[in-house]
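What follows is a short report on a single structure.
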Amino acid sequence: MVKSKRLFTGDGLVLEVVNLTKKFGGITALDNVSMNVQEKELVALIGPNGSGKSTLFNCISGLLSPSSGQILFCGKNITHMPVHERTLGGLSRTFQLVELFDNMTSMENLIVTAEHHKHYGFLGSFLRTRKVKAIEKTCEEEAHRLLDFLGLSPLANRYAKDLSYGQRKLLQIGVGLVSHPRLLLLDEPTAAVNPTMIKQIKEYLLKLHKAGLTILFVEHEMSVVMDLAERVIVLSRGTKIADGTPGEIQKNESVLEAYLGV
Amino acid sequence: MPGNWTNPKVIAAMIVVVLLIGFGTGYLTATYTIQPTSSKQPISIGLVLGLSGRYSYGAQQALSGARMAIQEINDGGGVLGRPLELIAEDDRGVVADTVSGANKLIDVNGVHYLLSTGASGGTLAIMPIALEKKVVLLNFMTSSPAITNQSGIGGNPWTFTLCPDEFAYARAFASLVNTSEIPANSFSFLAYDMAWGRDACAAYVQYIEAAGGTITSTNFYDPASTEFTTILTKIKAENPGGIITMTTTESLLIILKQANELGITLPVYNRAVGLGPALIASGGNLTEGLYGMDPWYAVVNTTANTEFLQKFKLFSGTVPEQYWPWSAYETIHALGEAIQKAGSDDAEAVRTALTTIDMPSATGGSIKFDEHNAAHNYVFIAKIRNQQVTIVTQGPG
Amino acid sequence: MNRIHSLGHRSIWLIIIVLSFLLPLALQLGYIQHIMIMAMVYIILTLSLNLIAGNTGYVSFAHPAFYAIGAYTSGILLKTSAIPFLGILLFSGILPMAISIALGYLFFSRVRGFAFAMTTLAFNAIAGLILSSVLPNIVKGVEFQGVYAIPRATISIPPLFTFTLTSNIHYYYFLLCITLPFIGLMSRLMSTKVGRALTAIRENELLAEALGINTLNNKVLAFAIGAFFAGIAGGFLAPYITFVSPDLASAYYWVLFFTMLFAGGPGTLIGPIIGATVFSVLPELLRFAPGVSFTPELRQALFGLSLLLIIILIPDGIGGKIKEIIYRRRARA
Amino acid sequence: MDPIWQILVNGVGLGAVYGLVAVGIQLIIGVSGVPNFANGQFYMLGGYVLFLILGFVGIGYFPSLFLCILILAGIGAIAERISIRPLMERPRSAGLISTLALGMFIEGLILILFTAEPKTINTPYSGIILSIGDVSLSVQRIIMAVGGVGAFVLADFFVRKTKVGKGLRAMSQNKQACRIFGIDIFKMSRIAFMLGVALAAFAAGLVVPLFALSPFMGSFIIFKAFAVVIIAGIGEIRGVMFAALLVGLTESLASFYIDPLFRDVTAFLFMICVLLIRPQGIFGEKSDLLFAK
């Protein structure tokens, strides 16, 4: 497997968020939140609606620029780094409402991502040197391997728009993986899919976790959170109210309060 | 997605398209160039004109003028016993189309004589083609001095100009400056930003200054513009003795309206917009006191002209808005005479014959070419007095 | 993905090439050769516009300006300088490209979608005014209505040969030698990293960026390549028509290009080629339609109507339709 | 005399025209996301309809104007059905091209019916000239300015206060949400289009007596109107009038103090400057997303 390019090195802490605050006009969506993700960890981020989960997610992945605070990725400050550079650096994400290149085939969706994480320029690609040929070949192989892994091989030549919602969810995870991320951010991976598909996705995530991938995911479905997560971080009204193992979280008063609104 | 076109079906489609277009055109051309009009092979005359676009109204009239002349000649047995036929091409007043239209007439229809278009830019653009392909180019309505300068001994013996150029008008106008008719001696120009507008402006400036007049300003505007209050305000502030306009009918109407609105009472001397019924009808009182400078007016009082007017009304059902139809009409007749004189339809022979012709014009002048292949016909300055056009002055340009 | 279909079976290439080489011989008339030459010019223009407006999905009104700038550059240099024509041609492509790169980095980084389209529209208007009203005052040999009497092009490779292109047939084959490689180049481009990146940007720019594609550079690249070939087309036109005018930068031309592109099928390769061919030949064919019953006004009305119908009935254009059919078949298989 | 006041008055006059056409475009682009390139031709069409009504129906200027607006609104409804709705779910470029084609079609029809020869409309008011000090202008121009501002205020009120208007604004915020909340987006798009076209017709009705009526007048004004839209910020109705006045004054001043020739590009230069400084337009709100989809 060809190693994808890395901007940063460093071990232990993969992601570290320090006193992050995000204001929209008057409203404070995030009120200096601090959190971290260890290497090879599988962390869940939960909280009632409007608790700031997705805001935090967007700040980390770079869709939003925080008002204050810091985001460290593998020890490097990426707070104000352009989105595509974060991704090239090994931080990849999926979207709650599936985002794919609808008029490209599943295969192309994977390849276009894969090849942009390889070292070669426009001219090389245009002249298709031997080196480039080799790289593009490996891209295809990786894409095939992923499609097999996700059981989408039969649909390799279908447009993404013609896939079922569940298949799109899977493909999106594939697109997230094809760049060999150091940290994979999943935004509600099981939202709005049928139980069998939920089961399937859970299996895939566990497999990936075993393979040593670091994952941070937002989730509503408590059963999923409790089965998967090693550690759970709870947000409420823009502040972090709890951080611990699923067991601890279940017993945590303030969490219940936040959820039941007592 | 890239490359689906390499699918055999698509390629087939592509080839079919290419073949259809290629041979389709070929076929049409072939069928078109065979003329079933008469037992004898007719002599074709080409005409490129803005039959659509901004100048289409006048251009359509010019076309009728030419058609009328052709009909007359053919009724009289044609020239050299052969009928004439007119093939017209539309150039929308766009120079690029003038070029391709002229190319089409010469290559496909094999015309040896070409009546050129309504924009000086267009004529200038096809003059090299006429020279290269040895085709007689008859310029009957564009008046940029650059054309006559380059014609005849100017280097292009194939181009003939049958209408006066801007120097002629400028001379006629300048001769009246500081007289009872044009008491003013300081003028402001309002001309549209095209080759002709610029050249005409330059010519007038030269002669007016020579005649002791002064120029307060020369203003050019985008031909598409519909708002003149800003320019007119500028002119009003300069307060000249008169405004000289080189514009389209549309622009002139707006200028008159907005000048009136701004309380500008200066006399307007307009070049190129004929003082025709359509203008007076839509302009109303605003056109009162408006001057015009053209080589022909309906009111020119000669038997030949009144005769032409009656015939044209019968033929086209309209009254000429300006000189174009008359000019086209006389140009065709001059060409017919030249071919007759040459005794053959060979372009070279006709070209030499043209240089020698001397025929009377309906306006009292005569069509006789100088060393620049320019026939200096009469030039008229007219004025609208209580809704009637009256000739102020006339004479050879 | 099977990359074979990007370049296609050589046999088919051969057929097309042979055909396009023989066709003008079958049709001797200079005028028909003129039509075919213009068709090729429009193929180059439409395909290059397709790169930004079709593949990347950013409508650009600036293409006529690049076309005109190329034509003026070549016209002026042919008239006033002794530079060999091939050099001039290259330069008339490079100048618009430089301008487009500046424009691209200036505006792509700030505005998106329609706002960008408007900036290109503004640029086109300003460029047109400069060509028609400013240039004549500062550059020798440029009249207010364009550049007249441009000398014919002379191709010379000093030791080997020197040849002046005079007749239409010369220009036809010269342009053919530009067009065919150009088409091949475009089809190859589409199957590169960049080509797929552009499609990705059109499909979902947010995602493309989130997946690590540098959208800014890719967009500017597409814009610049488009401008380069628009300039080349203009540079060829100057010695061929022997006259260039500011009309080349007028609204008439972007309407024409859009018609060719969007009726043909934006984002495909075959689409713009078909569109350009049909819509450059159709008006000429209409010259032969019985004049009286077919007034130019009627032509314009029909032109608009047909474009409207095509957009509504087959929004992806002819090329898009073909692509759809092929995809359906492949998906079933 | 000191022309400055006249120049300012001219500028305001220009601005009123651009503003009226631009407001229509703004409504449509906000709701259906389509830059309506045919609005210029609708403006022109409005002029010709008014011309016919005044010619053949013996009612006064203002009743004719009203009738003309109604007719154009009807035409607008049909046009929306044909050229916008089928393309609702497609990329905006499709809508841009379809309206462009629609414009070509309308212009062609008018050319067939009326030829390129310009017509003029005279109202009782275009003849009356007032001169206050150095400033001289016709009552018609005053009517135009007042009518322009009036129409703008009405449109603004409609969009902000009425139920339908709120629906329109909701649409411009988030189409999906509207679907969910059961707002009929097709209806909204139709209403926006009718309003836009009607405003264009109104503008023509006020302006044409000051200009001449020509089939090409539409294609000329449309670009200025778009420049105004961009300067104000896409979808920002409040900003339009202000932006329009800015453009009008800039042009008026430029053509007096620089050169009439450059008047027509000053609008564009102005637009470019605005975009470089405030990409979202003077009144547009900066989206908090680092990039919007």
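Each chain carries a letter (A, B, C and D) given by its place in the written order, and its residues are counted from 1.
Heads up, the rule we're going with is that contacts are C-beta pairs under 8 Å (C-beta built on N, C-alpha and C of every residue); 3 or more make two chains touch, one makes a residue touch a chain.
These numbers come from a predicted model, not from an experiment.
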By Cα centroids, which chain is closest to the centre of the whole protein?
C
Which one of the chains is farthest from chain B, going by Cα centres?
A
Chain pair with more C-beta contacts, C-D versus B-C
B-C
Just the number, please: Cα centre separation of chain A and chain B in whole Å.
72
So how far apart, in whole Å, are chain C and chain D when each is placed at the average of its C-alpha atoms?
32
Rounded to a whole Å, what is the gap between the Cα centroids of chain A and chain D?
46
Check each residue of chain D and list the ones that touch at least two other chains.
111, 219, 261, 264, 291
What residues in chain C touch two or more of the other chains?
129, 133, 199, 204, 206, 209, 295, 297, 299-300, 327
Can you pull out the residues of chain A that are in contact with at least two other chains?
62-63, 82-83, 104, 108
Residue ranges of chain A in contact with chain C within the complex:
61-63, 82-85, 87-88, 92-93, 95, 99-105, 107-108, 111-113, 115-117, 120, 122, 125-126, 128, 136, 140, 157-159, 162, 175, 179
What does chain B use to touch chain C in their complex?
1-11, 13-15, 17-19, 21-26, 28-29, 32, 51-53, 56, 88-90, 92, 94-96, 99-100, 103-104, 107-108, 119-121, 124-125, 128-129, 146, 193-195, 198, 220, 222
Chain B-touching residues of chain D, taken from the complex the two chains share
1, 3, 6-7, 10, 13-14, 111, 115-120, 122, 126, 129, 131, 136-138, 141, 210-212, 214, 216-217, 219-221, 251-252, 255-256, 260-261, 263-264
Given the complex, residues on chain C that touch chain A span 1, 3, 188-189, 192-194, 196-197, 199-200, 203-204, 206-215, 221, 327, 330-331
Residue ranges of chain B in contact with chain D within the complex
52-57, 193, 219-222, 224-227, 229-231, 233-234, 236-237, 249-250, 253-254, 257-258, 260-263, 278, 282-284
